[in-house]
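In the two complexes below, chain A is the common chain; its partner is chain B in one and chain C in the other.
Moving on to the complex of A and B:
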């Protein structure tokens, strides 16, 4: 074997989450009434565009989840030895980014280090200058004259490649759409352009075009340059940003996975059984939620740190240690954040249990457990779903803040928070080192923005009472106006036909 | 009314006891004082004597719940639980690792925290409500659309970015105000301007959008239609009828955070070097001063519970339909 698979705790939970998601998709597809709100999500342009970006982030996160330990060449011994370093598929794909480590800071697209160094000339004299980078722009003879041209050339190639692959996707999509609707290709294409399709493919394709072009440019350039510069120990910032995506996704999704059992079980029990069960559960969540979140998290993480320091025998690799800390962080965040959802579920269950169909089930002698699982649980799932997508972006942002406070992820784990924290110390440097900060914030912004937009689309679709997005309103208004003018003409026609 | 308030306060006591039990479990049962001592003194090369000394200095060398070596009430009072947890109800938080009295520190640090948090809260409320009203007035137009887009974008930016970006732009590039620092008295103003502005901006997205939703929901009610039907201009409908009614959820929602203003903001205070409670907490977390963190957890929950009581009272004050039994 060339490698030894490693399944870290969070990996296992992510696989579980993916499986749950697949089962959920399969289940929804078989139930027409559950498909309806999802169709509404599918019709929202902002929702589908943000979903496209999210899918991209998720696939990077998934690639980064498949961990293994590569074998080390061991000539004398026939026994395989595996490296202590845990790598992921993303690390393999990004090997050039991961391994080409410079000495220290270098600006984006730089061919020289950021700091002067004393270099000894062949004749023994010394001079201070910016030394060339080992990898960034190393193929250039004279960076001062060639750099701009080379970057522009590669960027154009990347742009062209991106456009080419986008055209491929466009062709595949329109051909399959045309075949499905048995329409001509040109008709389908113009329908897509006008946004006249059921799913707003024009929004998806516009997003894809932007993404493909930037990916193409990034791919072409990152093989020869550090496109976002390097950090203090010379590691590529672009690579770090890519790695941070998984940490953010894990915090955003696993936390919800952790809190769901608590919130569902306790919330429904409190609402369903009422009486002393309700009192006890209400007391528990009032108490927990009256401790300000950050303080409770800080206290819990401090205690976790003590536990991990005093029990070092539990972790065999640095990655396992960092991973376990991430899992603990998710659990702690979950324990501190289930109260809001629990309260919502309790209220909804209180309302549901008075409904006629539940009363009827009672009268038929259906057991409590069965009523809860068959009649109440499916009817509160939309609340759970909305809470899940709404929480996601907040959790990603919280990770950065917590890491800054010092109660976030393990310092050895690459995340947006640790990147910002490390870069913040260099703010006072003159000239300023700004690229690590900016790329961390940029990636985080893209992730959180698309999550927010998607959450809005889901909320609009599942909760018709709350309208968060005005586009829909405007469309309705326009439709109303058209309807009105149509009515007017009909009215006029009727009048006209009656009057002599 | 008084009766209700008293009952409400009595109801808060079991919650505070619960909070106290949680912190006690977290700090003394999950990890024993021995573990904490070992962590602080360094894992390796730590002698049992050093641990004993560390525990003795902090009064952690007693039994947790029951002291068998004592007689009478001393069985319960000479324990960690009584001396460290029960004492918090009397605002006796003990001493921090640097030997200072925590209660005294908290008292002296509340004012700087309030100096930032209060302007952010008040000015923020005015700004957010104004923008939300503008968006509601121009609802379903491009003003509203781009307003919401801006709100979502503002919500998606990390609060750290606002602080770092603001410090860089205003203090470092334009040299308008000092980057960080604090002084008591009137010249504190120049130190406070930047944190207050950044505080308002970083909360703008979520709050404005939320208030806009409240306004829009209020505007879809029947009395608004009646007001329009009798021929009132839109501005009067909005300012005289909708605004007043929408203020009920907005103000009662804001009341709960008023007591928490004393705690200040964790991140802003440490970035701007303001000696408030927020930076006190951050310092305690990074130096692993367990006593201070414990005290802050207790204080935070106490203030939150006060906020909840105030919220309930404010409901009855602004909305006569709600009666207290």
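Moving on to the complex of A and C:
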């Protein structure tokens, strides 16, 4: 065997989450009433565009989730020895990025280091200058003259490749759409362009075009340059940004997974049973939410940190230790953040339990458990969904803040928070190192913005008071008005022809 | 009389779905000064959209695409929005259906009325205060000087509607649009509000556009009546003419579907089918599909206006000069088919199924941190009643008197504080949840609101099977080899057919059904466990008249077929007269009068019953009656008046009423009342 698969704790939970999501999708597809709001999500242009970006992020996160330990060659010994380093599929794909480590800081697209170094010349004299990078732009003979042209050339190739693959996707999509609707290809294409398709494919394709082009450019350039520069120890910032995505996603999703049982069970119980159960649960969440969250998290993380440091024998790799710390962070965040959703659910359940169909169920002697699971739970699911999607972006940001404060993820784990934390010193340097912060910011911004836009679309679709026919209705209204003005002119003409 | 409002060929579109809905289609009407013009129609026929079009307050998705609305010669549709604001509240005012929702809860009454005065008359300070006081006195708010500084929550429903009227009057409008002004109110309060509106009209000479679905209110108020159906006016006449000689087949059907005492022995006439969706194109008459008199012409040509007598117009081919001869000679609404009189009822009426004795349901009022009980809301305070096998007991009373709580108390959905509920000899009060479950199949409940009584996330089949599964009621197997699940499915089909729905509908979700169909499903769900007693909690009050007739027919049919007993909780007197065998009148948690239907409805003894019956609008052109006015509103059940609960509102109050609650006085074997006017037992 060339490798030994490793399933870290968070990996297992992510696999579980993916499975739950798949079951949920299967369940929704079977139930017409649940499918309807999701169709409305599908009709929202901003929702579908942001979903496209999210899917990209999620696939990177999933690639980064498949962990293993590669085997180490050691000639004579027949027994296999595996590396202590845990790698993921993403690491393998991005091997050039991961392994091409420079000495220290270098700016994006630079061929030289960012700091002067004393270099001993062959004749023994010493000289301070910017040394050439070991990997970035190493293929160039004379960077000063060739660099710009080379970058432009590679970027153009990247763009072309991106466009080419986009065209491929477009063709595949329109062929499959045309086959499904049994329409001609040109008709389908023009329908996509006009935005007359059920799902706004034009928005999705526009997003895809942008993404494919930038991915193409990044791929072409990153093999020969550090496109986002390097950090203090010479690691590629682009690689770090890619690795941060998984951390952000894990925090955003697993925390919700940790929080949901508390919020669902306690919220519904409080609202449904009322009386002393309600009192106890209310006291718990009022107390919990009046303790400053950061303090509670800091205390828990520090305690755990000490425990981990005194028991190093529990972890066979560094990755396992960092991963467990990440998991604990999720649990702690989950334990402290269920109160908001719990309160919402309690309120909704209070309203639902007085609904007449619940009363009717009581009149049939249906058990409490069945009333909760069959009547109340399905009717609060939309709130849970909206809350979790809305919480996601907040949690990604929370991780950044916590890591910045120093109680976040393990220092060996790459995350947006650790990148920003490092940037604290870099920004104070002269000349300033700005690229690490900027790329962390850019990636996080894209992730959070698309999550927020998607959450908005979900909320609109599940909100019964918002009618989502805007596009079509607006069109119709315009048509109505046009028709009216046409009628008016006709009327005037008739009048005009009568009067003389 | 001068012409005040003239609407010509109004067309209003609503862009709410994939196809635009023509909510109002070519509506024309004229309202004279000082006249009350009633727009009558069932829900969804475009009444409210007409009113909102006149005010130009259509929702975002609405659009007026053609027509003109002239008030005093000025076309409102051509006015810019800024000028329109001078019209709203000044020339045209509006009262809405729900007084609870149309007042701002964080502004005092004086502020809200003052807003109108400031906007239209630029009144401020003392002058404004004086004027507010004057208006509030005009609408009959007692102690107006003090109450004008109060907030809406401190007013009762009837008082709130008075405040709404005061607000509408503040601008001294020429036209008042009243959109279902009394639908949310009780009959006694409704009588007060209608009186007030008539009074104000006499004094100020304004016109009223009254929008309602209630024929009784029309008979009380209107000078002219227009019947709306599917976005069009189909009949227009003076009130006398309309009630003497309703001409359109739809109007006929409306009258025929009203429940009444003289229709007891037969089913009510129903209008088959449903109102067509307004998003579709119409070729012929819109009512043709549901009309008994329709012939080919009706399906191909849209009928124009035909004159029946002068001032009485109808849109129907039957009255068309050219086609009249080809029409069936007589237009008479087909009355419902006579129903088999209940045999069970006479046999078993001696046997009682349910006996409730001295039932009390108190809700504690808690205060402070430790939730100390400081008092009780006595929602039900010593109610006794019996329901015979196969019979119907109607429980009548105003909202807030505790009718619904009695129903839930009997079902043990709310645990009674005291008293006993004997069902077929078994005491239900104090039974364990598990023991109670075994008896649950015997008694079931049907709720008022068909929209909230079905879980929107469950299919019909799941809804109906839920009770069967929970109570382990299995349908009779069709054949010996049948699996239980398939026989259950068979049972669901049979139930749906029984309530008049096709069995295929069981795979659908509740939102795909209309209000009447949902109520049928709710009935099917209750019937699924083979109950013997059904508690019907205002099952028809949320439904239109024609749909109500269908549900009442169904209930009657089920009673005859299955020998069910009903406890019918309602505030609708005509439904009581149609359906009930016995009547109990409830006031503030206690039953004040009970007896057989004829006794209570024919010769009411308690002053409250008398007032209640007299307040019900009588449908007919010229029946003038004496309305016994009740002052004020229902007192709070947390703090009922000492002595007889009714004494603060009673027109025949005596000193003794302030002190002692009266014992029962008997008038016959079945008829009793609690009143000091009569000799006590």
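In this text, the second predicted complex is superposed on the first by the 463 of 500 C-alpha atoms of A that agree within 3 Å, B and C clash if a C-alpha of one lies under 4 Å from a C-alpha of the other, contacts with A are read in each partner's own complex, and residues count from 1 in each chain.
Rule of thumb we're sticking to: contacts are C-beta pairs under 8 Å (C-beta built on N, C-alpha and C of every residue); 3 or more make two chains touch, one makes a residue touch a chain.
All of these numbers come straight from a predicted model, not from anything done at the bench.
Q: Compare chain B and chain C by how many residues of chain A each one touches, and report the one with more.
A: Looking at chain B versus chain C, the one contacting more residues of chain A is B.
Q: So in the superposed three-chain picture, is A:297 touching just chain B, just chain C, both, or none of them (first/second/both/neither)?
A: So A:297 meets neither chain B nor chain C here.
Q: Contacts for A:259 in the overlay, against chain B (first) and chain C (second): which applies, first, second, both or neither?
A: In the superposition, A:259 contacts neither chain B nor chain C.
Q: A:378 contacts which: chain B (first), chain C (second), both, neither?
A: second
Q: Should A:453 be classified as contacting the first partner (chain B), the second (chain C), both, or neither?
A: First partner only.
Q: If we overlay the two complexes on their shared chain A, which of chain B and chain C does A:173 touch? Say first, second, both or neither.
A: neither
Q: Which partner does A:345 contact after superposing on A: first (chain B), second (chain C), both, neither?
A: Neither partner.
Q: State which residues of chain A lie in both footprints, the one left by chain B and the one left by chain C.
A: Touching chain B and chain C on chain A: residues 467, 469, 473, 477.
Q: Flag every residue of chain A that touches chain C in the complex, lowest number first.
A: Of all residues in chain A, those touching chain C are 32-34, 355-357, 359-367, 370, 374-375, 378-379, 467, 469, 472-473, 476-477, 480-481, 483-484, 487.
Q: Quick one: in the complex, what on chain A touches chain B?
A: Touch list, chain A to chain B: 283-284, 286-288, 290-292, 294-296, 298-300, 302-303, 305-307, 309-310, 312, 393, 397, 400-401, 404-407, 416, 420, 424, 427, 432, 437, 441, 444-445, 448-449, 452-453, 456, 466-471, 473-474, 477.
Q: Once bound in the complex, which stretches of chain B touch chain A?
A: Those residues of chain B that touch chain A are 14-15, 18-19, 22-23, 26-27, 30-31, 35-36, 38-39, 43, 139-141, 144-145, 148, 152-153, 155-161, 164, 167-168, 209, 213, 216, 260, 263, 266-267, 281-282, 285-286, 288, 290, 293-294, 296-297, 300-301, 304-305, 308.
Q: Which of the residues in chain C come into contact with chain A in the complex?
A: Where chain C meets chain A, its residues are 13, 15-18, 20, 61, 63, 65-66, 408, 411, 413, 433, 436-437, 440, 443-445, 447-449, 452-458, 463, 466-467, 470-471, 509, 511, 522, 525-526, 529.
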